[in-house]
Every structure is written in C-alpha cells, then in structure tokens.
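Chain IDs A, B, C and D follow the sequence of writing; residue 1 opens each chain.
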C-alpha cells in the first residue's frame, strides 16, 4: 500500500453538484449582459465599441465556462486543458497578427 | 557478474497458447476489434501499403530525374506523381506511422493499462484513416492532383483543374483520425497509468508521445479548416484566398503551416521516443539526464507552435515577423541538440551490444544530427533566401523525416517485433538491411544538399543539364535505398512463420511491456501491475533472480 | 578506354566538365551569403564530429565484450547545461548573422535602377523603364545596383538567381522588390522556384550581365519606341484620369505632380509614403486609401488594367515631376486621340471600358 | 490476488458498490476513473474545436482590419433583433442543459426529460431563426459564390443612409459575407449535430438510461452544448454589432 502513495494524481476528483440557484443567477447575468452589449453597440464609443463588445463576450464566456461547464469545480487537469486550448488559440491569432500588423511598418 | 547471466534463458521459450493474436479468428474479429494491439496491426498493414505506394511514386520521380529532359514522365504527370508522393508520404505515412502503430501497441503496455481510454474511438480513427486513404487513392486513379502536398493558393484554388477537392477531403478525413488518436493517447496517459507509475517513472517514449498527441489535438483542426476554405474557394469562390476579391493568398499558408510545421514534430517526436528506449536497452543503462530528455520533448511540442512562418520568409510576410519566427526556430533547435547529446552520453560506460535496433539508432543519431543542423541553415533568414525552394530543402526534410523518423521507426519495429509477433526477425538480415539503408540514404540525399546550394529548384520535371551528375548519384542511391526498404518487408514477413520464438523479454529490457508474455494477452496484464522502480532501471533488473522475472516457458 | 561504354564515357565527360559544388559568385551579395554558408558548414561539422566522435568512441570502448557491467549514471547538470548553452549561443550567432544578411539582401540602395518584372504562367516578362520588353531574359549592366519590382499576374512565382544568391517571391496582387548588383559579366540562370503549375520547370530564363558599354548598346538597339512612362501617359489619358487629376484649381482629385515619395495624410489620420505599391493599390482600391481633403469619388480600375498597364501608370506617375508634365499630358491627349485599341476608355466612364485596356 | 481487489485498492475514494456497475467498461478500474477519462476526453475534443473555429476567427480578424467600412456595412444589413433573440435563445438553452445535467446527477428522470426537451426546442428555435435570416440574405443577393451582388451597398439603406459605399469597398462586403456564412454555417452545423445527439440521448433517457449514476454522456453533451453557445457569444458581437451607432 505504501507504493500507492506515490500515485501522485488522484484517479478520482470529488464531484461537485452545482445548485439550480447558481445556474439561474448565471443565466440571468448572461441575459443582462446580452442586453447590455446590444445597447452599448448603439452608443458611439469610437475604438472602444469593439473593446467593450469583446470584454462583455469574454465575461459571458468565462461565466459559462466556470459555472455551466463546471470548470470552477473541476480538477486542475481540466483547468489546464482549457487553458492550453485558449493559449494555442491566442498563439494562432497573435503570431499571425505579427505578420499582418507589421506589414504596414516597412516597405516589405 | 554480468547482467545477462541472471536472466532466464529465453531460447527455450515457446509461443504462449493464448494471446491477442489467436484469441479470436476470422476477418470480422479483426475488423471489429477494439483491442489496441489489433488496431495497431491494422494500422501497420494499411500504412505499409501506403508507404510502398508512396515509395513507388518516389521511384518514378528519381527515374524521371535521371535525365535533364522530361522523357519518362511528361511535366503534368511528373507534377501529379510528386504531389501523390508528398500527400501519401506526409499525411498517410509519416504523420500516422509512429503514433498509430507503435503508440497504439505500446502506450497501454508501457503504462500498465488494459487498453486505451476509448477503444471504440480508436477503431473509428483507423476507419477514418483508411477512408481518407481510399479517397486519395481513388482521386489518384481518376486523374490525380498536381498541387504538391502544400496546396498553395491561389494555384490550388483558381488555376488547376485536377481533383483538388477530393485530395483535400481525403486529408480532412484522415485529419480527424489524427485528432482522435491524439485525444485517446492523452486521456490514456493521464488517466490509465498503473498504480505507482508516476510521471517521472514513465518511459521517455511516453513523454514524447504525450507531446505528439498534444500537437495532434491542437494543430490538426487548423489545417482542417484551411482545407475547407480551399474547397469552398474552389467550388463557390468565397474570396478569402483570392487577391482579385480582396482576399489574401498568404493567409492560407499561415493556416496551413500552423498545422504542417508542428506536424513535422509529430513525425519526429515519436521517433525520438523510440530512440530513448532502444539506447537505454542496448547500453543497459538509464538514459543520461532523464529529466532533460523528457522536458525537451515537451519543449519541442510547445515551441513547435511558434515557428511556422519560417516556411514563408521570402513569401511576403513582413520582415519583422520573419525575425520573430527565425528566433523561435533557433530556440526549437536547442532541445533537439540536448537530446542528441544525451543519447550519445548514455553510451558512456554502458555495456553496448549492436543488434539491429541499435544499428538503426546509431544511424538515426548521425542522420538526425545532419538533418537538424541543416535546419539551422534554413532558419537563418539570409541563408534561407538562397536555399529555400531548392533541393537543399528537399534534402533537409528527407534527412529529418526519412533519415530520422523512418530510421527510428525501423529501430522501433525491430525492437518490438518480438513483442508484437512473438517471434524474432533474422538478426543477420536485419543488420545487413540497416547498413544498406544507411548507405542508400546518404547516397540518395547527400548530393541533394549540393544541388540545392547550386540552386536547383524543387518540383522541376526538367532541369538544366549541369545538374545531371548529382541527380544521377541521387537516383543511384535511391535504388540502394529501395533495397534497404524491401529487405525488411521480406524478412519480417518471413519471420511471422519461421522466426525464432522470442520469449517474453528477448532483449532483457526494462519496462512493463517486457514483463508480460509475447505476444501479450488481449487484456495485457492478468494482474494490474504495481510499479515500484524507475524507468530503465537496469540495475534493478540485473539484481533480479531468474525466477523473479516473468517469462513464458 | 575502348572498353568503357559510350554512355558511361559521356557521363564521365559531363562529370568532369560540369562538376561544381558552388554556383558562381556573380553579385556583391554572393560573398556575404557564402561567408554565412561556410560558417554554418563549419559549426555543422564541429557538431557532427563531436557527436560522431562521442558515439564511435563509446561504441568501441564500452562494447559488451570490453565492458560487460554498465556503470549507472543519472546525468550531469553541468554537462547538460554546457551542451544546452553552447548550441544556444551558436544558434543565436546564426540568427543574428542570418538576419543581417536578410536585411542586406532585401534593402535596396537608394540609387538603384528600377526594372519591373511580371511573372505569369509560365514566363517572366521584364519591362525596362526605357520601354525594352523581354521574355524569360533580363539584360542588366554590371557594377550598378538593380532593383526589381516584381508582381505576379496569376499564382505565386519565385524569382531566383542562384549566381546572385537572391530570391524573392512574386505575389499576385502585391509588389515585392529585390535588388542585386552583378559583378562579373556573364549569363546566369533565372529560375522560378515556387511551384506554379504544369510547366513550372519551363519557367526559366537567363540573366545577361553586361559591361556598361554593352548594356548601353543593347538598350539602344532593343527599344520599342515608347518608354514605360510614355505608355503610361497614354493610358493615363485614355482612362480619363486627367479629368480629375488635372491639378487645376477645381480638380476633383489630388495633384499628382511630385506625389511619388511624398507623405500623404489619409482620411483616417494615418500617414503613408507614396511608393509603387501604394500607387498600384489606389488605382485598384481608391476608396480604401482615401486621401484627406478629397471626396471618395474615384472609381475602381480593378479588372480593367493589366499588370503591365499598371506598371506603365505607376512609372508615369513616378516621373511626374512638374506641373508642366501634367499640362503636357492633357494637351497631348486632346490634340492626338489615342490609338484605336484604347479608344472606348476615353469616354471617362471606365465602367464601360471593355476588358483590358493595354496589353 | 485478482484484478478486482487490486482495482478496489487503487480507487480508494471510489464507491465500492460502483465496482460492478453495468456501465463500467472492462478496461477501466473504477467508475470515477471512467467518468474522469470521459470528461477529460470531451474537454480535449473541445480544445480541437476551439482551434477549428480559431482559423475562422483569425481570418475574420485580418479582413475586418483591412476592410472595416465594408464590414460595418455588411453588419448593418443583419437583423439585430434576430441576433439578440438567438443569443437569448442559446443562453436559455444552455441554462436548461445545465439543469438537465443537474437532473441527471440528482437522478430525477422526469426533470431530466423535461429539461432536455426544453433544450431541444430552444435549439430548433435557434436554427429556425437562423434559417429565416439566411433566407433574407439570399433574397438580398448577399450569398458569396452563389448569388452575390454588391449593388445593394451602393445606395445606402433606410436605417443606415450613410452606408453608401463606392464600388471597390462594396465589393469587399463579399468577404464579410463569406466569413459570416462560414462562421454561422459552421456554428449551425454544430447545432444540428447537437440537436441530433440530444434526440438520441432523449430516446435513451426515455428507455431509462442515465439516471442510475451514469451521467457522463449527459454531462459531456452538456459541455458540447455550452461550447456551441460560447462560439455564438463571440459571433454575435463580431458579426452583428459592428458600429451599430453610425
């Protein structure tokens, strides 16, 4: 049995059941945010329109991921997987953009 | 006291009565199997077939290039042949070969699991692979495609009238096979390890397959969407890659290489895993600097996502971004260098034998060093201007892919052949084949470095006559290389029936897969193993008495 | 001697006469490229020899017959750090050196002579400012920096001259530039190195590097009459460009005299330097680059002017150095109606112009 | 020592009564291990989906920067009410799906069925609204490659009279619509797959499955459904809400 202690990663992660109240609150928040983002798009904020729209979208995504998708209560491994997915997504966008943005800088 | 003496004599071993090979009979039991070992065999058969189809295309290419004129093949046929060679070899041989064959067979055995996490998905991915391959072969029968394996837009979308759509769809389907394989391996490695099998007790093979699987899962979807865009551009003209409609043809190359550069590491990382196992076993030592080798696999996997635009230095990307990508490419070369030095250092104070897998491994170390260092030539931006799109590039990636990956795969295939089939291959034939392969390979591809610096462009059906001499050398070498590949096909097939019985552990190697009978039972481990020692613990193995080491009498 | 078969004999002759490991060094850049190449070969050899020496020595010294009992070694942080840091430093040197060479190859000197090259399936068309047109050939003087402005009419091509160690992708819809200065008169290969379709391997030509005297003689002997700027002037008139770009007090379009090389402010507040690429882009996508102070009324000429025509226009606008030249163009176009082929376009309604105006 | 006792030792936190659960597949040691594996596999699959849409988002970003006015005008032709409605529908469907997972976890079959049916209806509703929008775009000749014509952008619209584009910019709206159809099309494809899977699961639930503690399939389908919702959460502002104030 002593050897089993070396098994660093527990094969089982305590499963957490989220209460319906939390779901309802999140759903309501998401709907409010949807209304907000639609409304804000009619206000002229210049460059910030895009920023605000994306910020709201990211907030909504975070809420869905954390609560509807239970990431808040998940194992570190699952959290890392999600992080890895977004990280690679960012790499794709950012590294491609290094080309497209800097094309305007020089003569090439 | 020698290591060898304390182990039971394997020569008296006989084949086990029940194994995964003879548990069930009939074609149906194979085609509907969910056993990872049988699926590995299915992959081996399909992939060997594709390898020899691709090899036949390579033979045609080398024959055509014997003379400067287009005499054997017309230019359009030549283009179709090299495209077929590229598509088959990259997407239907190099990418799946090591993960799907060796990975499927060995990952559960090495970590002490009964199967991969999702056996049905595993079978599904074989069917996807075969369907993708069938689409490609059908496409080739009905006229082929002449885009090259890179599908460069706008050539592929607007200027060719060959079967681009079918070719792209075949790769799309096969891509899902890769994704599912990678997903399966990741879950297996994370969730199915035997008790006591901690991360730092894993064989280095598993570490490199782990990195490979991550690339599969995260990079493959991008080429899938890129190919979908090509198909839509071709069929209905959506304009994303069409400069006339305001699109950017270079965007395709970004998306394509975002997958296809990491895919190169998908091809080489499993090879590196094999080399680690073989070096340790035939030096009878733990791999020098286990942690460094393990983390360099992961580092290669991570860095591989940051380097793709080095294929595009002269293609019109901004020079500032070329700088970034060149720098990252130099960084990714470092972990590879670390591995090469660590393997070499493993031999220090070892007790080395030179069986076939070890010969292939030594060949790998030499060829991969050349392949890797010539990669630095291409990563160096100013040098890349002269060398890119020439035979230098062709030589470089064949050194890495064929000299590296295929040699490593041959090492692995010979090393685990007794575990897979229960029988030994003929050792002397194996050694001869390894030497022929090494010689033939260098003869074929070394002249191409010189051709490249002389400026001979790739994908030329006809070339100026001053390049003929080196091309003749190259083609001559290719015949030797062909013998080097046909020979193993023959003697390995022969050994299925006539090979010596191997016994559970013919190499006296450490590792869970060698503690069970060969060929293994369908459920792999009758009793779930409990791991109490580090990987490659040859001292531990040597201290065991003969009766304590499991074998099959 | 007689016993050797004629085929083999031929082959030997070829081998002896043609064997080369390096292409000729025929440009000012070639020695720089070769220097880096030799450096890279050197570090590769050192690396390879180090690895092979290690492997061979260990293989001999520690083979089983000689060393039956292995000595377990975990690793050595110091050693591993050494062979991490030394390659890292060497690779960084390669990076910096390579980057410097890259910028040297792709930064043309300001006094370079400009030649336009259009790539199409499957030929190279060179257009000299003096109006000389060449196909699959390029005549250049030695000892003078030559800048090529490259564009493709269809797919990606790649303009490669191994003897000069330069290469540049020729992109559809975008100008790219490359420059070189030939040092030795001679005839050198010009390859298309980017796979471009069926006859990719036929898209090769020759670079004729000539002494300045020979070049002048060639230039004088092969001109077709109109310089690029002159052709551009006609096209400018034929497309009705001067109805807006006439530099008059009530002109609808910006004054084009001396516009090349100037800094313009766009409507979105950004500044751009007017270069070949900007001129070409504004002809095709005028409203994407709205210049401050002008209404976006210019129509697009996408699909109506061939790449050669665009080059003529660009070359014309480049050379518009005074008010006088513009007035001359207007007078010329009024006095002497343009040739028949381009006549319909004169009606200043470009949308009606059938097909390509200039070929 | 047989494998079962060993397995029981390994999964020391596992429920012993689950050891012989009928849905435990032979190669897993315990139910929690199987469930964790399934969840992890699902998440990995979702990361591939992120990258799959990643290529499209990347293309979108590039062309939006290049042809911003065209993207504004293209966006203005979409029905904002439809976009907002569909966002709401998807968010509510995500909520009902989360509730369905909750019902499966608490093993209440009626509730599970109810929430799943609600999700199914909302999903179909989403697709109907989307189909209506696509039909409108077809009528307006805004479908690239099939019936695209930039004419409608040359004059401006009632709501946005400023959207009077010169021809060269108007032609670039084709890229906007290409990406619009690609992104919403891919999203709708995922919705259709989701609705089909949901129907299959619903039939299985009716047959009594997934309320005996075997919640992994429902849970993983939930993850998929929420993912599709997240994609839409980004598509909505990116496609519908570009400079609505102009």
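By our rule, a contact is a pair of C-beta atoms (placed from the backbone, for glycine too) under 8 Å apart; a residue touches a chain by one contact, two chains touch by 3 or more.
Model, not experiment: these values are computed from the prediction.
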*Report the chain closest to the protein's overall CA mean, measuring from each chain's own CA mean.*
B
*Of A-D and C-D, pair with higher C-beta contact tally*: A-D
*Would you kindly tell me how far, in whole Å, the mean C-alpha position of chain D lies from that of chain C?*
46
*Quick one: chain A and chain D, Cα centre-to-centre, how many Å?*
15
*Let me have the rounded angstrom distance from the C-alpha centre of chain B over to the C-alpha centre of chain D, please.*
35
*Taking each residue of chain C in turn, which ones touch at least two of the other chains?*
106, 176, 285, 302
*Taking each residue of chain B in turn, which ones touch at least two of the other chains?*
190-191, 195, 218-219, 222, 246, 254, 258, 316, 319, 530
*Counting only residues that touch at least 2 other chains, which ones in chain A make the list?*
4, 7, 11, 77, 84-85, 88, 92, 96, 100, 108
_Quick check: in the complex, which residue numbers of chain B touch chain A?_
190-191, 193, 195-199, 214, 218-219, 222, 254, 258, 305-306, 308-309, 316-321, 324-325, 530-532
_In the complex, chain C residues that touch chain D_ = 284-288, 296-300, 302
*Touching chain D in the complex: which residues of chain B?*
113-119, 179, 182-184, 186-187, 190-192, 195, 217-222, 224-226, 229, 232, 235-240, 245-248, 251, 254-255, 258, 523, 526-528, 530
*chain D to chain A touching residues, read off their complex*: 9-14, 29-30, 32-33, 35-36, 39-40, 43-44, 46-47, 50-51, 54-55, 57-58, 61-62, 65, 80, 83-84, 87-88, 91-92, 94-95, 97-99, 102, 105-106, 222-223, 226-227, 229-230, 233-234, 236-238, 241, 243-246
*Going by the contact rule at the top, pick out the chain A residues touching chain B in the complex.*
3-4, 6-9, 11, 77, 84-85, 88, 91-92, 95-96, 98-100, 102-103, 105-106, 108
